[in-house]
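Several structures are given next for inspection.
Paired with chain B in one complex and with chain C in the other, chain A is shared by the two complexes that follow.
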Partner chain A sequence: MPIQCSKCTEQRAVLKRPKTGQSLCKECFFIVFEEEIHHTIVSAQLFKPGETVAIGASGGKDSTVLAHVMKVLNERYKYGLNLMLLSVDEGITGYRDDSLETVKRNQEQYDLPLKIVSYEELYGWTMDAIVKQALDRGAKLLNVDKICTGHNADDLAETVLMNVLRGDIARLRRCTSISTSSGGEDVLPRCKPLKYAYEKEIVLYAYFKKLDYFSTECIYSPNAYRGHARAFLKDLESVRPSAIMAVLHSGENLSIKESVKMPVQGTCGRCGYISSQALCKACVLLEGLNRGLPKLGIGKHHRLHEKLLSQQPLSNAEERKLKAVDF
Partner chain B sequence: LAAAALWDVLGILLGGAELLFDGVKEHHVTLPSQSEPWNMKQLLVWIGQNLLKERPELFVQGDDVRPGILVLINDADWELMGQLDYELQDKDNVVFISTLHGG
Partner chain C sequence: MCQVDEEYNGLLESPVASSATKKCNKCKETTAALVLKPGESLCRGCFKEHFVHKFRAMLGKNRIIFPGEKVLLAVSGGSSSCAMLNQVQEGLGQNAHKKLRFKPGIVYIDEGCLLGQSTEKRQKTMAQINSLFKMTGFPHHIIPLEMVLNLPPSVLEPVHLATDDPAGSYKEAVDHFMQSSPVHSVDPRVDRSELSALTDATNPQLIAEAQTQTLQELFSRVKTLTAKEDLLHTLRRHLLVSTARTEGYSKLMLGENCTRLAVKLLANIALGRGAQLAVDTAFCDPRYGDIVAVKPMRDYTAKEISLYNYMWNVPYVFIPSLETKTADKSSIQRLTESFVVKLQVDFPSTVSTIYRTGEKLQTASVTEDIERAPLKCLFCMCTLDTALGETSAFQATLISEQLSNVGTTPMQASLRPDTQTKCGAPCDQQDGEEHCQAQAVCCSHKGGDSMNLESLLCYSCQQTVKDMTSVEFLPQYIMSEAQRRNRRSQIRHEISEFLLTEDGDSPSIKADS
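Take a look at the complex of A and B:
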């Protein structure tokens, strides 16, 4: 016995909303999903008319849905935004090649200009690292006012949980904010229009709209710790779908005791980009590659930053830990 | 007389779930005849024994689908159709979409 849509009461329902438990037909789902994102954008005043906004596009489900919905809402509600797609080519063979092909098709499907910046263009090296910084620098080349990214409610809940598990109070405090203001001249404001959208609905929106997206496990991504946090949240969601929103809500409303010391956000001593350490992640990676110590960019080696900045050699013991493993 | 009915089912795997099935997205399967209609719970067991090629823990958890994998039966969310208890009909179309892969 098919279940009817609880909104229009005419069509056959195609999904049960995790957020509300409502059963909706395809058309009502599209409307509700888009209107909620419109509501998020309007109530948090994410954009101003006339702005140029880059959509961080990876070819994956979240950024593909974001690009589609931003285009629809910009036209429907006359936001007056100049939208474009911005991708970073990290130079990972296979994974990136296919996902960039998807972004190129999206460019035609949504009729939005696309710029692909490569790490080679930005740093002179091809490797997987620091997409955030690359997006900023790419956007700067294009005179963009703002960047929006496809982070969804599940991603944010996962990040809240990760920051609790790591005891990272500074990140815990800022990870749920819907937009970040510009942090100096090199850093553009960023926002997350899909912040309150469930992953389930994003995936089903893409499926029912037949959007063209790319999905495969990124060969560099498996992170055991994050994987556990993710699996844990998914387990909770299957028992009680509101758990995702509840974790996000908790993160948003935490207040930090005044006696908690926060790290001061400074700038990189070499390139001037924001960095909580003496050197930013990109400069550490480059330094590691230049010195033949590839593991310098992986893990935490803050204590070495002063030495790197002042061009001092590392001790043998320090170098041994940072060399590539020989097979 | 028990009908020797055949259950032809089209299974489709998306969102990265196909990687656990040799990268094959579409599976036309004919389930063996049995006296009771096949339900989703039995279908999952059958898939685990006959189609799943690697790392079953990424697809099934206990006797259910792993959380984070969405299931659609004839293009509708299986949460509307009784999930594991849904009785399959001939020519049903079952889609599994993994949400556990990159965004």
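Take a look at the complex of A and C:
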């Protein structure tokens, strides 16, 4: 016997919502999914009318769905936003080439302006690990007021778990916030409208809407520890689907002792971008490449920051550790 | 973690290589008997000293247990709580260094009924436990879980004691104790006759078959093992606290070790207990007011305890629980345990890192004034964490449920956020069984009365109740207390406009928060 949609009670249900377990028909699912994001945007007051908002577009499912939903909601509820796509070309062969093609197609499909900034344009080097800054800097070039990214509930829950496993209390405290306010002139406020959307529902939405997205994992992304947190979260979800929301709820309600020391947000001594250290990671990595020490910046080298800032040479012992391995 | 290998490659010696002939790191004389962690090998004697010191230092440092105080040790028969019992025994011994000065008693709760054990089997287990406890000479209470059905509703209200600064009075109490009493005054063997009577009174033979059935009915209404374990934990705590009260104990000692607490912390995050993490894992748990729960074993890893029990022949018994012989993915608690244990193999600092994360979290402050105290969860007695802003995971879930239901247009849902806190969805509009399941107990549909249980529970306990098909078999003390609280909040709501508060807050806001 076909199951009926629990919302309209007329159509045949085509899916069981991973989030609540209710059965819905296609149309009702679209409405519900979009309305939930609308509710998130309205209740958290993510945007103001007239703002220019850049959607961080990678060509993946999250950003594709985000771009689609943002466009739909902007028209339906008259947010009055000036939307655009912003993409970063990291120069990762195979991965980015294809995904950028997807973004370019999205641009036509959604009729949104697209800007692709490449690492070469920004830094003169092509490599990973500077993604966040690249987005900010790219957005600055375009006079954007806000950036929204496609982080979903699974991503955030995973981050909460990972920060507990790593004991990173500072990140634990801020990782669940839906938007970051502007930290300085150089930093744009960011927000995550998909914060309460399950990854599975995003896939379902993209599938039923037949959205065009690129579905390969970034070859640079899986870090060992995050991988554990991810696998654990997926297992939790299979035991109890509401666990993802429960982890988010936990993350939102953690209260941290006042006596615990928190790293202070400062600015990088070289480029002026936000950094908790004397030099930001991007500058340390660049410095390493310029000095012919490729391992500089991989791991922690706080002690060396002073020397780097004042252009002093490193000692032999220090250099030896940071040189590339000879084969 | 990974840096040690990268930077100090070759500098580290392999701890395994020469462990057979290695000398103890501490006394540097005797041959080491065990490797506690890489680079820390100890001989038998030094290990014992280390273990014993840790226990007494934990109690001494925290200054919570006063001399002469009656302390109830919750012993499950497992290795951790038996090691705790052993430490207390040793600490009370005549020639103990830094002698412990409290009066211990032991409690064991028999949960055999939940596993469908026969009366004979349960009696056998209890006899085993009884002989274990008898050897200590401490007063002991062996209580079947069925006793939870006889608890008074008052168990669910924390009892507030007017206390002055405990840190200051601790020293006075110690001095007073030292002066007034000769060394032998603490004799744990006093209440012997009294206790044997008690043990007989709670003999399972006298437990009515009906009570066992009621409890089994209750648990058969719980659909998931996750919720079963959570409910059992809640009921067990209520029974422990109530036993401590009726038997005149003022502290409850729990044997949870570091590994256990790390698992619990992570599982609690997955269960949505983020707001209560600190209370659940800290040394001192003040949520019950007069009975303070302490965890003196929280600095020991499971490995340390096993080694100690093995080397010094500490007796413990294996008693199956709900989790025994279940698959990794049968419950959140079980899954978390296997996850942490497996990760610990590859990353030996996993447990301690999680545990230390817990240390940095805030313990909710205990408000002395009962009238002004924030509302507490009916089950776990923690401060309610459901009065949140519009943008929260809790509200987002409610919106999701509401939107997917019949007859709610999108606009209605977003326009009526205030109706959601009362109940997950508009129940009166539900007719099909299909969606009723999602909020089975919402408004106690199947329980018959229109009681609103969910609003009295914290986020996580709501999840547990959602996994139940019916709440009608919940123990009477919980139901009566729920009715009382509902009536009270109704009255408060009715008179809200006439109430004045000190800081000018609208009373209705306070009642809801």
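Keep this in mind: the second predicted complex is superposed on the first by the 327 of 327 C-alpha atoms of A that agree within 3 Å, B and C clash if a C-alpha of one lies under 4 Å from a C-alpha of the other, contacts with A are read in each partner's own complex, and residues count from 1 in each chain.
To be clear about the criterion, a contact is a pair of C-beta atoms (placed from the backbone, for glycine too) under 8 Å apart; a residue touches a chain by one contact, two chains touch by 3 or more.
Keep in mind that what you see is a predicted model, and the values were worked out from it rather than measured.
By the document's definition of touching, both partners, chain B and chain C, reach A:Ser23.
In the superposed model, A:Ser250 lies in contact with chain C only, and not with chain B. In the superposition on chain A, contact of A:Leu314 is made with neither chain B nor chain C.
Of the two partner chains placed by the overlay, chain B and chain C both lie in contact with A:Ser238.
Of the two partner chains, chain B is the only one that A:Asn152 touches; chain C does not reach it.
Between chain B and chain C, it is C that contacts the larger number of residues in chain A.
Applying the stated contact rule after C-alpha superposition, one finds that A:Ile3 touches each of chain B and chain C. When the two structures are aligned on the shared chain, A:Leu204 is found in touch with chain B, with no touch to chain C. In the superposed pair of complexes, A:Val72 makes contact with neither chain B nor chain C. Once chain A of one complex is fitted onto chain A of the other, the partner contacts of A:Cys271 are absent, as it touches neither chain B nor chain C. Once both structures are placed on chain A, chain A residues 3, 23, 235, 238 are touched by chain B and, in the other complex, by chain C.
Residue ranges of chain B in contact with chain A, taken from their complex: 14-16, 19, 66-68, 70, 72, 75-77, 79-80, 95, 97-103.
Those residues of chain A whose C-beta lies close enough to touch chain B in the complex are 2-3, 12-16, 23, 58, 60-63, 150, 152, 154-155, 199-200, 203-204, 207-208, 215-218, 221, 230-231, 234-235, 237-238. Every residue of chain C that touches chain A in the complex is listed here, in rising order: 3, 6-7, 224, 226, 265-266, 268-275, 277-278, 328-332, 335-336, 339, 343, 347, 350, 353-354, 356-357, 360-362, 364, 385, 388-397, 399-401, 403-406, 408, 410, 413-414, 417, 432, 434-435, 438, 459-460, 463. Within the complex, the chain A residues that touch chain C are 3-4, 6-9, 17, 19-24, 28, 31-32, 35-36, 38-40, 42-44, 153, 160-161, 164-167, 169, 172, 178, 196, 225, 228, 232, 235-236, 238-240, 242-243, 245-258, 260, 299-300, 321.
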